[in-house]
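What follows is one structure encoded as structure tokens, with my remarks underneath.
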Amino acid sequence: MELEKRLEELRRRGEGALMPHVYFGDPSPAFSFRLIRTLAEGGADLLELGIPFSDPIADGPTFIAACERALAAGVTPRGCLEALRRLREEGLHLPVLLTTYYNVILSMGLGKFCAEVRRAGAQGLIVPDLPVEEADELLESARGEGLHLIFQVAPTTSGRRMERIVGKASGFLYVIGVEGVTGAREELEPSTVELMGRVRRLTSLPLLAGFGISRPEHVVSLLRAGADGCVVGSAIARIYSERLEEPEQTLPSISKFVRSLKEATRSPP
Amino acid sequence: MELEKRLEELRRRGEGALMPHVYFGDPSPAFSFRLIRTLAEGGADLLELGIPFSDPIADGPTFIAACERALAAGVTPRGCLEALRRLREEGLHLPVLLTTYYNVILSMGLGKFCAEVRRAGAQGLIVPDLPVEEADELLESARGEGLHLIFQVAPTTSGRRMERIVGKASGFLYVIGVEGVTGAREELEPSTVELMGRVRRLTSLPLLAGFGISRPEHVVSLLRAGADGCVVGSAIARIYSERLEEPEQTLPSISKFVRSLKEATRSPP
Amino acid sequence: MKGRFGRFGGQYVSEVLMHALEELEEAFERIYPTPEFQRELGLLLRDYAGRPTPLYHARGLSELTGCRVYLKREDLVTGGSHKLNNCLGQALLARRMGKTRLITETAAGQHGLATAMAGNVVGMEVEIFMGVKDMERQASNVKRMLLLGAKVTPVSTGSGVLKDAVSDTLREWARCTGTTHYLMGSTVGPHPFPEIVATFQSVIGRELRQQILEREGRLPDAIVACGSGGSNALGAFRAFLQDEGVRLYFVEGGGESLEADNSAAAFRLGRPGVLHGALMQLLQDEHGQVKPSKTRAAGLNYPGRGPELSHLCETGRVKACHAFDREVFEAVRTTCRAEGLLPALETAHALAFLLNHPEEFSRGEVVVVNFSGRGDKDLETLMRYFYGA
Amino acid sequence: MKGRFGRFGGQYVSEVLMHALEELEEAFERIYPTPEFQRELGLLLRDYAGRPTPLYHARGLSELTGCRVYLKREDLVTGGSHKLNNCLGQALLARRMGKTRLITETAAGQHGLATAMAGNVVGMEVEIFMGVKDMERQASNVKRMLLLGAKVTPVSTGSGVLKDAVSDTLREWARCTGTTHYLMGSTVGPHPFPEIVATFQSVIGRELRQQILEREGRLPDAIVACGSGGSNALGAFRAFLQDEGVRLYFVEGGGESLEADNSAAAFRLGRPGVLHGALMQLLQDEHGQVKPSKTRAAGLNYPGRGPELSHLCETGRVKACHAFDREVFEAVRTTCRAEGLLPALETAHALAFLLNHPEEFSRGEVVVVNFSGRGDKDLETLMRYFYGA
């Protein structure tokens, strides 16, 4: 399914996009399959599928632990791509963004990685340690395969850099609302709202807000502030992390949680 | 009893002098009294009576321990002098040399110390950390009280210093046969014999050899080498040190040992 | 290209940090060349750190090797290693940038200690991230840091060693770039860190050049330095890069053996990759996952080699070598006996290479070893190794 | 009178040792002034020991005291204290005298360590006598000495502390003066030791004088030094003895209190007496038995004060002061925080005196503290004191 089309459609419906973010293979590939199905059924509009990395410097404790568990379970980048292919075969229709750190991509080779990603059925890439200054090579390979390379902006991003980023971005912009790393937070910071306004003035690209979103109220505030959607990651991992011996037991709670978030994306502005 | 007279007498008889050396109060004053009587009865010709000092740098392990025990038993310099007075009252007739380190003397005051020593009934002083260069003051006080200040010579003593020492000595010369500190040794060193010759050429003063003498054979060799007598210290303390709970039990062995040494002083040259 | 050494280097960090890196680069370029900054740093280097450090003609090691061996005595810098050269520089810079807090990571504890010192000198709060395993292994340096008033935060993510502590410090920095400076401890990390650290450390080589010219009337035949990130090595090498006649040896941690996961020899066992913000020579598996390094020298226990060093070794200007743990312990003993000097386990890598590779050094050659630190911090490890328990 | 400072000094030793003292005096007077000796010692002091040591303007301590406080950085000497200045000198002298072995005693371990270093530099065997209690308290320095290859012989006579170790070393020396030099570690013992040690340490004051003149354009108002035997203090003071305007403070170990047997304050609690070959200020009981001293700083735990120092304090040229253990620990903490420097417990006595006696120092005065050593050896003691266990 086309990424831009889906976001366009949601915008037309006056609805925010919900993009859950999971690291594949945590704590096991089998669970990830069930989790992703649950998220899709619960109303996810897009999916950010993480390939675990040994040193996820942009992630907080929840996702650090997720990566460690997934790697301990023997998950490899190829395994993740294979899994996506299987999810597609089994009928997963959402647009999927593959997230990983740059070294994983470099290690496979930029061109080869992008080709594999496209073949597996993803629509784009998110590389949290690849700022726009370092992105040209990957951008070229990704474009060659028809993949979006999603860029991030943050409260600390200067106007000059924001313009540079907007100039190269496609698909959507990933708006990091807070200073710091991934991880569920209780409160949204006012800087997030302010940032949304700043970006909006520069581009008509869809804006997906991420980092720290853990409640339906957050989603509502962000959409009001101008976001086109939200990324929710650690808040989901946090739920199953509490019962790692039998994570499936938490799927009903996760389902309920995702539904409540999706509900929030539909609240009138 | 006069020191010079006694040595003169022994020389006339062709006999060597035997001078046992004990630290008073080790392990108790009561034992020291019995020990000294035993030594006198066993044939001691002179007695070197030590006032224990906290830091006896010219002494080896046996006498270090003796000083520690005596101090722990509460022995003081005045206590030692008092003890000598009592020994005299009880009939001890030998010439007595009081031995202690210079700080004990300094602490009481040189003049006062010498007066007390004379009153207690000693004939002279041995101060192992007082070389001839530092001795003038004490020499004066001692002479004032009619006390001999006994000087030592050692294998390392140069000819120039030997002359200086001989020039100030009276009573006898204490000839340290070995390099090192007090303590019983198994063998006599050839340097001892050599040294005895060196000193004899310079003076007609009696020569008492000390440090390391532990057997009748040592005594015989030293007298043959020209000594007028021997000092035996650690070898005696070593005997009672082995039964410190009831040191009196060792008095018969000590008596036997002293008799054997005295016997050796009578062997024809 | 800016921030690149050949193909190595770059700025592979989260967007959140980009602003801080730009701010730092700008500040460094603006402030560093000013006479006031040079004067303040120069005084601290002289009077606080104890520079210039001597160049010692090591007679015992010279006899053993047949070379004229000189030791550049960075062990005499306050705190016991070259680390303070860089820490004083960055701390002064951070204060002039208006920051009030310094954070960093440490493995051997030497860099943490030097940061705590520099923080107290300039009057800034200090927090040190340290892998739990390193905290155990280098307990005495943890104590020193605590006494100096620094907060020491244990890192238990990953393997609880240096690489994990770097990651956690980067994460902490992302939270508070406004008030806080990340005082990077080696020539690693995203641009401009490798350049800044090498600049502050290059005082070593400048002194060395002058000293050896005074002493020998000519440049040395070879300089040997240990390292992982490369700060002491580059500090010594930079002044000689243009002098083709001066051979430069970089000695990394061979660990137990070059097998599997028993080594820190990234030049032998790694390939270029991105970690902690830069493209560099990196120990990694076939999937691009970073491999934990292994060596008894905590300060060499890092899977990456700084970008400048990666480049210099790729071009052949610097020769990458390694020493194994057992050679290193022997070199400690040899140096103790021959010179009365107790080298850090890290430093002993350079000494071990010199002692064990006669084929590299001809008789009579002038060889300088950068004596990067003293071994007091390794006392327990050494006693256990030599005397058991 | 030869070997006397006023009434203090002398040669109160067994006849067996007199020859060795004469030989040493003759050799020192003959060899020390020669250009070859000066050159060899000068090079070692510069390149091995790390001299000149800096004079550091300590901003934090200056703020706390209102004075312009300078620290003479003897902590930067190889091994971590001033002790090596003297050890290198005596070791070179002993080698030229044809000796093949060095013996000495140590309390804090700093002098033992420095002797082991110097012994390795000149290629002589080293044996260190150390009280069993001190071996426990300064375990890390024992380890350093062992690694350097020195033989460490435990002394259990007496109280198993420094004074007993000195006695045992004198006894050992009496056995082997022909081959062996007793490398006296402080300005104590029979003549010529106090003179020799003070001469080798006076490099401190010579540098200091030149440095403070460069920095302040004038002499300091006061110099503060800690000590027991007095080697670091005399080293700093000697160059200023003729300058009446420079006040000299000597800080001894107050211990817990000035009561009974809880102190090492020989100037407060002692009187002149003879120990270890010299007449000096001495802690002793009414019978002339030497009293054990008590202080948490092993290096100050000696009942005597060297003859020159005894004389200078008797004449009033030097003011004798003391600092109590608890003040000393506080001074360690203050200096760690204010300057990022960890002083030895001994050194912290001088700092404590400066910090706690504002009545002695007027605002704006230039005060130099002889920073005699670093506190790494005291790490365990400090951690136990501040953090318990």
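Note that the chains are named A, B, C and D in the order they appear, and that numbering of residues resets to 1 at the start of each chain.
We take it that a contact is a pair of C-beta atoms (placed from the backbone, for glycine too) under 8 Å apart; a residue touches a chain by one contact, two chains touch by 3 or more.
Worth saying up front: this structure is predicted, and the values here are computed from it rather than measured.
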Hypothetical removal of subunit D, resulting connected chain groups: A, C | B
Between subunit B and subunit C, the fewest steps along chains that touch one another: 2
Separation of subunit B from subunit D, taking each centre as the mean of its C-alpha atoms, in whole Å: 37
Mean-CA-position distance for subunit B and subunit A (Å): 97
For subunit A paired with subunit D, centre-to-centre distance based on mean C-alpha positions, whole Å: 67
For subunit A, residues that touch 2 or more chains besides their own: none
Per-residue multi-chain contacts in subunit D, two or more chains: none
Category of the chain touch graph - line, ring, star, complete, other: line
Touching pairs among all chains present in the structure: A-C, B-D, C-D
Contact footprint of subunit D on subunit B as seen in their complex: 53-61, 64-65, 68, 71, 76-78, 101-108, 128-131, 133-134, 151-158, 161, 165, 176, 179-181
In the complex, subunit C residues that touch subunit D: 46-48, 50, 53-57, 59-60, 73, 75-76, 78, 116-121, 140, 143-144, 146-149, 332-333, 336-342, 376, 379, 382-383, 386-387
Touching residues (chain side subunit C, partner subunit A) in the complex: 10-20, 22, 157-158, 163-164, 167, 170-171, 174-178, 272-277, 279, 282, 284, 286-290
